[in-house]
Amino acid sequence: MVPHELDEVDRGILHMLQEDARNNVASTIAEEVGVSPNTVRNRMERLEKAGIINGYHPQIDYERAGYQLHVVFVCTVPVSDRKRLADESLGIEGVIKVCEVLSGHRNLTIEAVGSDSDDLTAIAERLEALGIEIHDERFLKNVRTQPFNHFGADVIEDG
Amino acid sequence: MVPHELDEVDRGILHMLQEDARNNVASTIAEEVGVSPNTVRNRMERLEKAGIINGYHPQIDYERAGYQLHVVFVCTVPVSDRKRLADESLGIEGVIKVCEVLSGHRNLTIEAVGSDSDDLTAIAERLEALGIEIHDERFLKNVRTQPFNHFGADVIEDG
Amino acid sequence: MVPHELDEVDRGILHMLQEDARNNVASTIAEEVGVSPNTVRNRMERLEKAGIINGYHPQIDYERAGYQLHVVFVCTVPVSDRKRLADESLGIEGVIKVCEVLSGHRNLTIEAVGSDSDDLTAIAERLEALGIEIHDERFLKNVRTQPFNHFGADVIEDG
Amino acid sequence: MVPHELDEVDRGILHMLQEDARNNVASTIAEEVGVSPNTVRNRMERLEKAGIINGYHPQIDYERAGYQLHVVFVCTVPVSDRKRLADESLGIEGVIKVCEVLSGHRNLTIEAVGSDSDDLTAIAERLEALGIEIHDERFLKNVRTQPFNHFGADVIEDG
Amino acid sequence: MVPHELDEVDRGILHMLQEDARNNVASTIAEEVGVSPNTVRNRMERLEKAGIINGYHPQIDYERAGYQLHVVFVCTVPVSDRKRLADESLGIEGVIKVCEVLSGHRNLTIEAVGSDSDDLTAIAERLEALGIEIHDERFLKNVRTQPFNHFGADVIEDG
Amino acid sequence: MVPHELDEVDRGILHMLQEDARNNVASTIAEEVGVSPNTVRNRMERLEKAGIINGYHPQIDYERAGYQLHVVFVCTVPVSDRKRLADESLGIEGVIKVCEVLSGHRNLTIEAVGSDSDDLTAIAERLEALGIEIHDERFLKNVRTQPFNHFGADVIEDG
Amino acid sequence: MVPHELDEVDRGILHMLQEDARNNVASTIAEEVGVSPNTVRNRMERLEKAGIINGYHPQIDYERAGYQLHVVFVCTVPVSDRKRLADESLGIEGVIKVCEVLSGHRNLTIEAVGSDSDDLTAIAERLEALGIEIHDERFLKNVRTQPFNHFGADVIEDG
Amino acid sequence: MVPHELDEVDRGILHMLQEDARNNVASTIAEEVGVSPNTVRNRMERLEKAGIINGYHPQIDYERAGYQLHVVFVCTVPVSDRKRLADESLGIEGVIKVCEVLSGHRNLTIEAVGSDSDDLTAIAERLEALGIEIHDERFLKNVRTQPFNHFGADVIEDG
């Protein structure tokens, strides 16, 4: 996999999207980065096609939304099945995120949300049925994100 | 913390946003959920104020973007400092996400991105300087997300 | 599972029972909570039927009673068998308590009492024969309990 | 500590109490064990004074009662402070049970109940403030108990 | 297993043997304990028959004797096979001591001596061939022993 | 430390002592090894002076002797204090054996015997007071030993 | 740190050196790679200056050379001191290799060789005196190496 | 395996090779050690035949060479297959070093180099396909080596 070469425009766009992927519309981004809105739209399309941008998501506080149990299942799978099992576990009701980890043991983490312990048990049973070995269930409390600051904050500030 | 009571409209909106927080504009959501675009905008404002929605983010594949090292630092901090240290660690260059974990040891996970091992060492040194004890550095490969399926998929499908 | 909605009377009753489930008879509880003894009896029946109260037990110091070895076996079982194996392990001579734990590994803890190491070995062998994997045997020394103080201590104090 | 010598009457009484510490009143026990109710009362008083019986408690399903989070904190304290810290941690709101464990690390387990993650964080902070090091927070789902079957089941069956 | 009741004479004898099991001959012990040499011999025979004394061994410093590698293999076996596998592993060349441990994992420790890493590998292979799972190999440096001081030191001092 | 060079006579003697350090008196050993009893006595004196033989001990089954709790404390000490702390911990009542382990963590194991949990707690407190960190308390059940079979079994068999 | 761009000649040279860094002299390498010996010498100088080649070492089997104990100390140091402590630990007699590991705990591994356990203890004491926390001492048996096969094997084969 | 007896000349040669296995040619070593170049060559041949010297290698900084990911896979294999699997894993593209470790679990470490996470995943899959269980993937940053200083530094200094 050869990494895609990003220029300053790409980086400025990524930065603006990380700050607010919904309300920073093409024209706002264009103005900050100093290119036309059409360029923004073309570049975003290119970034999406290159697999650099894989969607746009709201950051949700599940506990406030009435789903008290927000957990990460720390799991082990055979390396040769990791990709397939990552895909399949996304299909389980309540699962919201899956990460492959470069490790032997504990090489797959699966984030899920439930409203009570029965929900979590149902998810765990389905993971097991896929042949996934669960080591830990870790309970999350608050999740904070922010833009990756190697992307073009400087571009914007100079824009 | 009393959880916010979500109705079907809220859930339908959350579902549509999880599917695509950028391109599912108010009118698209309105049509699917069966309410007016204004109702969508009012509800979204309410969900944001209630702290249920905390921003909108692109899902980025850092490795493809030329940042090869995408890691999670698994850390321990005193419980009474966890909230403050979570906030402060967000200020470190390269850190993109922080989760509080309900545990004694390993109660804070910090996600970061770098282009080489010097970047990661710089981040680790700054975490240490904050008084954060790092246990592990876990290297991520692929990250997949999907809508939380207890939210209003049914609403949409019936809409 | 929708949690049962407890009112102040229920909570006052639960508090009094936690303080002394034997000597706090219905009339004593009634007087403290400020209702009739019949109400106490009706409510207790309801709490029992709802599965909120699951029996009344003496707290026993097994070491003083001549059973020196009071242990907790920390075990792993498949999640899908956890409920069944929890039930079956209760049938083993010497086992006094079983807890399901929301985890992958170490998801079942089994408390047992014996007078010598042969007793414990016999219990461990029977657990193994059920297909339960034992990780640790932890030896308990003193056990202390107290009422859960979110239940109606205030009700009683105002009563 | 010389263990108290239990005879068949004591064991029969303990067995009956473990079956139902509330509804098995002295006369019921007396009949089953084959002694007078006064003997039952005298023996129980003796067992309480000897520290063999340390109270009578309802078995409560906290999740059904609306307290979703029933956890065990697995902790380490200096052995010389274990007894004192066990006592002090019982004074924390939400703590319902404390066990000393014969071990170096992980030598104190503290069971607590809360309705959300803020409750658990508050308890963890107070444990830390006492100088208790928390390793794990384990979430319990179901708890089952039963009489210790080395006590006088045979006495009762022959009674 | 009902423990053998030891009186002061037994304990004095055990103490003298622990101090020096070879040079403390019956008459020396007899004089210290205040009984006849014949009593010492009878009691020792009784202690051996009761399985309380299981042999007399020199304490050897293997490293000084030219066997540099003195290790403990920390192993896991099924509880139901522990006794049999403990016996069988004693038959392996180089093994000098085996302890059963009351635990699930790591429930058998096997002490062995070798002159180079090939010796240890050969022992490890034979343990594996018996179905024993080896977790750790721990290398010992110095071993010190002393009499168990609850045995009759007082008897001797008063003798 | 230059290891002592053992010849066939030394090895035959060591073998005979390992089989039975008490009843295999000099004349018995002499006959088996094919030397005079005086040679046996001289060689044994030399082996003792070289620190190869460090005493003669009975193998005691403490559980049968009424001391139910036979434990190994697995401990960590600074390497530079390991030797001194090994010596000092031998002075604690109930401690019967101490091994230095070539490791960083868990580099000292301390074997002790007690009749109840208070005995073990007292020992653990005294270890802590010496500055020894205790990780685990492991409970032993049966201990078996046998002669180290690289020593002169062949010498004896040919004798 | 911008990685040095290697061309086919560099890679061919690296490959030949990995196969035999001593006997593959410049003229041999030159012939295989298809350049002049002077080019080989110039390129090697450049690779050394760029810090890509950091010396040439024999692979030694220490056990065969009479140094029975070849160990890896697995250690933890503060990240901000890791580089300095790695350098300083190289100065300890017996230490032959030090690796920095991208991790929090266990972030420094130190390989050392000794002829007996006193040697290893002396090394461990000096590491501790530097402030290095040792977790494990792992004993190595055989070490095998081979050329990194992404380097110019193809260049050579085509040469 | 009887260790090869090294004399001062051997040790001086080994020391000179460890300092620089490429540029310290036979005549340079001869001069320092105080023997003829022919003796140096003969001795080196003998050391190679005895398996004490197993090749000559450059120390390469893979990260600077554009291979960002330099990892150690910490693995477990059956002891009886360890030697064979160590050999076979050397045949995997990207693997550069394999060490057998005297342990039960984590008894094989495999060092490899890759340019991205796909390379490492491919290596991990091939290790798994050989039946090797991978526990950890540890990422190396800097590697430093130096001559083993028990070899003849003194010989050289006196030379």
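Every chain is named by a letter (A, B, C, D, E, F, G and H) in the order it is written, and numbering of its residues begins at 1.
The rule is simple: a contact is a pair of C-beta atoms (placed from the backbone, for glycine too) under 8 Å apart; a residue touches a chain by one contact, two chains touch by 3 or more.
This one's a predicted model, so the numbers in the text were calculated from it and none came from an experiment.
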On the document's contact criterion, could you list the chains that touch chain B and likewise touch chain E? G, H
Roughly how far apart in rotation are chain F and chain G when fitted on CA atoms, stated in degrees to the nearest 5? 90
In angstrom, rounded to a whole number, how far apart do the mean CA points of chain D and chain H lie? 58
I'd like to verify one number: the distance from the centre of chain C to the centre of chain D, where each centre is the average of its C-alpha atoms, in whole angstrom. 8
Per the C-alpha centroid definition, the whole-Å distance linking chain A and chain D comes out as 45
Measure off the straight-line distance from the CA centroid of chain F to the CA centroid of chain H, and report it in whole Å. 38
Send over the residues of chain F in touch with two or more other chains. 1, 63, 68, 102-103, 116-117, 121, 137, 139, 141
Using the contact rule from the top, write out all pairs of chains that touch. A-B, A-C, A-D, A-H, B-D, B-G, B-H, C-D, C-E, C-F, D-F, E-F, E-G, E-H, F-G, G-H
List of chain G residues in touch with chain E within their complex: 63, 68-69, 116-117, 121, 137, 139, 141
Which residues of chain C touch chain D in the complex? 1, 3-6, 14, 17-18, 20-23, 50-68, 72, 83, 86-87, 90, 93-103, 106, 113, 115, 138-150
Okay, in this complex, where on chain H does chain E touch? 1, 78-80, 82, 102-105
Note: in the complex, chain B contacts chain G through residues 71, 73-75, 116-118, 120-121, 124-125, 128-129, 133-137
